[in-house]
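Each remark here refers to the structure printed beneath this line.
We call the chains A, B, C and D, going by the order they appear; numbering starts again at 1 in every chain.
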Amino acid sequence: MNNNWDAIVVGGGVIGNAAAYYLQKSGRNVLLLEKGTVGLGASKAAAGMLGAQVELTEVGPMFELARESRKMFPRLQEELKEMCGIDIELVREGMLKVAKTDEEKVHLQSVIEAQRSFGENTKWLDREETLQMESSLSDSIIGAMDIPNDGHVNPIQLTQAFSKSAVALGATVKEFVEVYSFTELSGKITGVHTNIGDFYGENIVVANGAWSARLLKEANINLPTYPVKGECMSVITERPLIKSTIFSQRCYVVPKSGNRLIIGATSIPNSFSEHVSVEGISSLMQASIDILPDIQRAQFERAWAGIRPQTIDELPFLGVHPTIENVFICTGHYRNGILLSPISGKLIADMMDGRTLPSYLQAFTFERLKGVITT
Amino acid sequence: MNNNWDAIVVGGGVIGNAAAYYLQKSGRNVLLLEKGTVGLGASKAAAGMLGAQVELTEVGPMFELARESRKMFPRLQEELKEMCGIDIELVREGMLKVAKTDEEKVHLQSVIEAQRSFGENTKWLDREETLQMESSLSDSIIGAMDIPNDGHVNPIQLTQAFSKSAVALGATVKEFVEVYSFTELSGKITGVHTNIGDFYGENIVVANGAWSARLLKEANINLPTYPVKGECMSVITERPLIKSTIFSQRCYVVPKSGNRLIIGATSIPNSFSEHVSVEGISSLMQASIDILPDIQRAQFERAWAGIRPQTIDELPFLGVHPTIENVFICTGHYRNGILLSPISGKLIADMMDGRTLPSYLQAFTFERLKGVITT
Amino acid sequence: MNNNWDAIVVGGGVIGNAAAYYLQKSGRNVLLLEKGTVGLGASKAAAGMLGAQVELTEVGPMFELARESRKMFPRLQEELKEMCGIDIELVREGMLKVAKTDEEKVHLQSVIEAQRSFGENTKWLDREETLQMESSLSDSIIGAMDIPNDGHVNPIQLTQAFSKSAVALGATVKEFVEVYSFTELSGKITGVHTNIGDFYGENIVVANGAWSARLLKEANINLPTYPVKGECMSVITERPLIKSTIFSQRCYVVPKSGNRLIIGATSIPNSFSEHVSVEGISSLMQASIDILPDIQRAQFERAWAGIRPQTIDELPFLGVHPTIENVFICTGHYRNGILLSPISGKLIADMMDGRTLPSYLQAFTFERLKGVITT
Amino acid sequence: MNNNWDAIVVGGGVIGNAAAYYLQKSGRNVLLLEKGTVGLGASKAAAGMLGAQVELTEVGPMFELARESRKMFPRLQEELKEMCGIDIELVREGMLKVAKTDEEKVHLQSVIEAQRSFGENTKWLDREETLQMESSLSDSIIGAMDIPNDGHVNPIQLTQAFSKSAVALGATVKEFVEVYSFTELSGKITGVHTNIGDFYGENIVVANGAWSARLLKEANINLPTYPVKGECMSVITERPLIKSTIFSQRCYVVPKSGNRLIIGATSIPNSFSEHVSVEGISSLMQASIDILPDIQRAQFERAWAGIRPQTIDELPFLGVHPTIENVFICTGHYRNGILLSPISGKLIADMMDGRTLPSYLQAFTFERLKGVITT
């Protein structure tokens, strides 16, 4: 076994695999270690929304990061398909963020204005226009923010595609390997201790989501993150019900191929449990029926949960360790992991290459929380 | 292949397997034919309630049949376990049929009176007494009919236990065999045509539930039955929530081992579809939370559906064909198939043996619907 | 419910759904009826090979049909993706039919000669050339027939894509509907009797595979077909093992995306059972390890079976009923259902349109077996 | 949340749950923490053999421990059923350890002699006698060691029964809680750090199998254990094939209810991977067909793997931490976890109670490996 890697990535979710892919592509010999099986944590529990505009209602660094990442998908789809044969099922049919109250309407209209000033394509639709676009929507809605450029992918396929493409390029992926702590030599971190022995690498990327904080303690950082359980369900309709993704205050409904709708997601902080609660499913059913009454007659397929990593200021960590120059941290993507995976992976590779980085990246370093992060 | 059977049973649900078991036990050489796999139709979709008193609110032949069958379970449990090693998981912890309105209360009290006059053990509990018995019940209930003698079994285990015990005694069970019609010789039915060829037998038992009517057309009977889809779900609680089975107007909740609750069941007539609807699950969730609020915090496990055979007068058919003396019919058990399986199987064997039959059996013959059943 | 269809298709496998798709596309209002769920019979049990040249070693009408169908896939992939969002995962990386004995080599070389005379692209590779192409092959092989134009698709995705595209165009698909026989009026067939009532249509397409013979008896044809069970398994390798599909005397190995290999298939005539046998899996393991030793170290994923319809002269039936002009028959595709689905569906639509049909179609009509098919 | 426990058990496998059960039964308030879900590690991957005599061919402390534990099962079955309704499916039909060579025969006969001198019931059967007992055995065997007192249980049910019975008695079980290290106060261990916060307890029981070594490092012990992957498969036969459990050099075959056979198990040291290999399944198939040829025609059901904890001297650790008096260690049961679970759980409770312990327990303390275990 080759045991001297250019980069060791800890975590086999969408973020870790994206990092592995871009690192291997940039010429490094990469080892990815995953404690369970690839893509079966938060990544599988996503609906795969690329909701740059729908999720981020404030213009700022996070919005820039999201826009950059969203842009990458069309080429990425071709690239990954070419590399490993997996289709990430990119759909670019837009989103509608519906309002049911005047308060919501006023809020959405201000968001529209802000995003437009920023050059984004979005506009307000009144009830009639909204129903014209999506006739299955409940007529209790009073209008919607129209976001033609947001879309979605298949999150499981995306994670697999990053992973298998990295492997096709020469990376090694090991499942059922748990990273416990770091190996050190003369004060320098040289690799990782795992349940099957030590692995040595020039650089370490910590990308194991809600489990990153635990590992980073071993590198003297108290990362202010916490797990947030999200529950989802899927249903199947007889005929296509919607073309756009529908987003309300209480849920979202994403139209996948095969007349499958993914309905998500609850948010239960501080839980690592992957059990699905009656309460969660029941509330998703009611919230989705409330905007799309025909869901009532749909076939229930299944329900599942995943644990997303959230940070105290709701921004991901994307940068080098404050004091250890060969440890990179890439976590805290919460609901935006799928959307942000290409840019996150790419920026990690760029950092390692010593390239000039976009200025907005400052917002995602550790310096922003200097007083908070104890090292 | 032995191809001359004493009895051929069509249908591998709980009823067909019970018939096969009692027929083989009575010394016959039995062949059971199932179009799919054993026990995966209505039988798996049951909660396994032995609800003689809870389901049947009118005293009459159906009530007598149910009481007789319920009595058989304790010995049956030992017998089947001995024969094939499968435990049918008999639980005899009683049922509570709760009332939420005065109207329901009045109705239940009259049922109690009638059943007591018939010698059954049941009484009215007021709210306080009910909550003393089951403290997790919602305090919106106003009382309950207490039925200490009803219980439940594991319906999948029961079906398998009948089947494997019949096999242990020498019966043959063939899966993926579809019976199309009957073979005849000189005006006498001699066996069945199937997708894998003909099988010959002295007697034929038609016990394929909602699919019986189709087959019986080939024997010149228009059986007035129809399919009723039933949807169920299971949830798991952290601690035991209830000891008794709880029955309300809108659902029942059966406490299984391992802190699992089975919640059932919807009734959707004239559907053969085994898909589970959002509407069905959503209504079961609400109805069960309504009587047991803690279900809200339970873990959702799964949902499923099965197709039960119902008859126009809501009584099963249990008897010999009106004009063909070696064709026996045993179907239409609707929600009571698990409860009625031992007595049904046993009576079919008794009929074939020419034994004296209980007088209440008249209520389940074809004569009762003479004007309706066209032959 | 609209109950007067232009065409009713019986059977929801890949053939039925292809027919529904081309019929709906040609302007008809189509109803497809499936007794279980769409695509879960023989269609799911295939590996999805488009083996026009590898499977058909004799030049003739079947070969022409296969070539025509294979040609359709590239455009079909785009068309279906556009229509319903499902990618059929077409891969065109060629096949290698390996020889292990001189006898096999001589046979393959004669096939190559015949196919080349017919304009097909194929050539013989000696051991060294073969191993250069696929270095994981066992060096016990002595050479291979190289078939660059054969490929494969995802059979489950293909079936779903035909089905959902038909629905997107306006067709209706009903699951859990079993067709029993035909409705007639004044000697003309007008529709079908089913378990949920009658449906009326101008034309009926019988496309329910191994179950077609049973239904056609009701239209006075004894179709000389029989079921052949096929067992498959899938394994996952750490790295891509092969690029081409590998075909030996005893098995085939198809490289799917995600480093998954599908290994198939056994042939067990006259069985409708979907159980997988130890013998079957064991023999597939041995046969595949024999040509690709690294499979030994692969991860076993799962095994499954499906029931394929075979005919006594090994040619499908593709044509109108000999005496009933509005009943079309499309079955008997055995191992070639996936490959032949587009041409079969298209020709059914062309027949119904009264278009001029290719002359090779004569080989698939009922006339070819005049003495055999009793009506 | 009560957060001050009498005992905290780390690990929700059969050993941890047995400990929780006996500890709660002895009057303690117990918290069990499991990193995934209860009973889904090594415990589910067992066949449930109670192979005191078949597995342990040398008389000694391990043999005594096993005999003591085996004795506990009959009463345990009743006790757990009573407590939580779960049947552990105890079967006491004996085992046959078959010999195929004279060398094996000689070895088995010496084992028989040793065990008999120790008072165990066992004898040699020649080929004829063996085939008389189990007529499905291959006639290539030359005889067998007959062990009438060994039996088996359902390992999943046993684990669940311990767990749910502990809960019924008042214990708390938390899933998806990972224990990282110990909390300390004034040099005394007071509880555990976990992914969802700290829990405090008087005593800690480390019972998390192959993951124990990692945790014990945090308590300054280098436990000389390593993981051994075991792969199993299950098949279903049409009729009962065997009554006894059959044990050969290369595999064992355990007859479960419902004509299911569990065939196990491979041994792959130093792997935490739960993937099942083609090689493993293929070898189990061949080894089992070799002794029971009819398995060839059986239906393959499924295959799975689990990670068992093995120690360098092949004896479990069962005792108090050498220097920390409130930390108990109970791991390293390898293939004997199911068999040894009751005695292990009971002895932990006895230790905590300060009861007199059997002398053979000395063999399982840390002192035995003084030079090896570094603290």
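The rule is short, and it goes like this: contacts are C-beta pairs under 8 Å (C-beta built on N, C-alpha and C of every residue); 3 or more make two chains touch, one makes a residue touch a chain.
Being a predicted model, the structure only gives us computed values, none of them experimental.
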Touching chain B and also chain C, the following chains: A, D
Taking each chain's centre as the mean of its C-alpha atoms, give the chain farthest from chain A. B
Provide the C-alpha centroid distance between chain B and chain D, rounded to the nearest whole angstrom. 39
Roughly how many whole angstrom separate the Cα centroids of chain A and chain B? 48
Spell out, as numbers or ranges, the residues of chain C touching 2 or more other chains. 275
Listed in rising order, chain D residues that touch chain C in their complex are 235, 275-282, 285-286, 289, 295-300, 303
In the complex, chain A touches chain D at residues 175-178, 180, 195-196, 211, 214, 227, 270-275
Chain D-facing residues of chain B, complex: 84-87, 89, 91, 160, 164, 167-168, 173, 238-240, 256-259
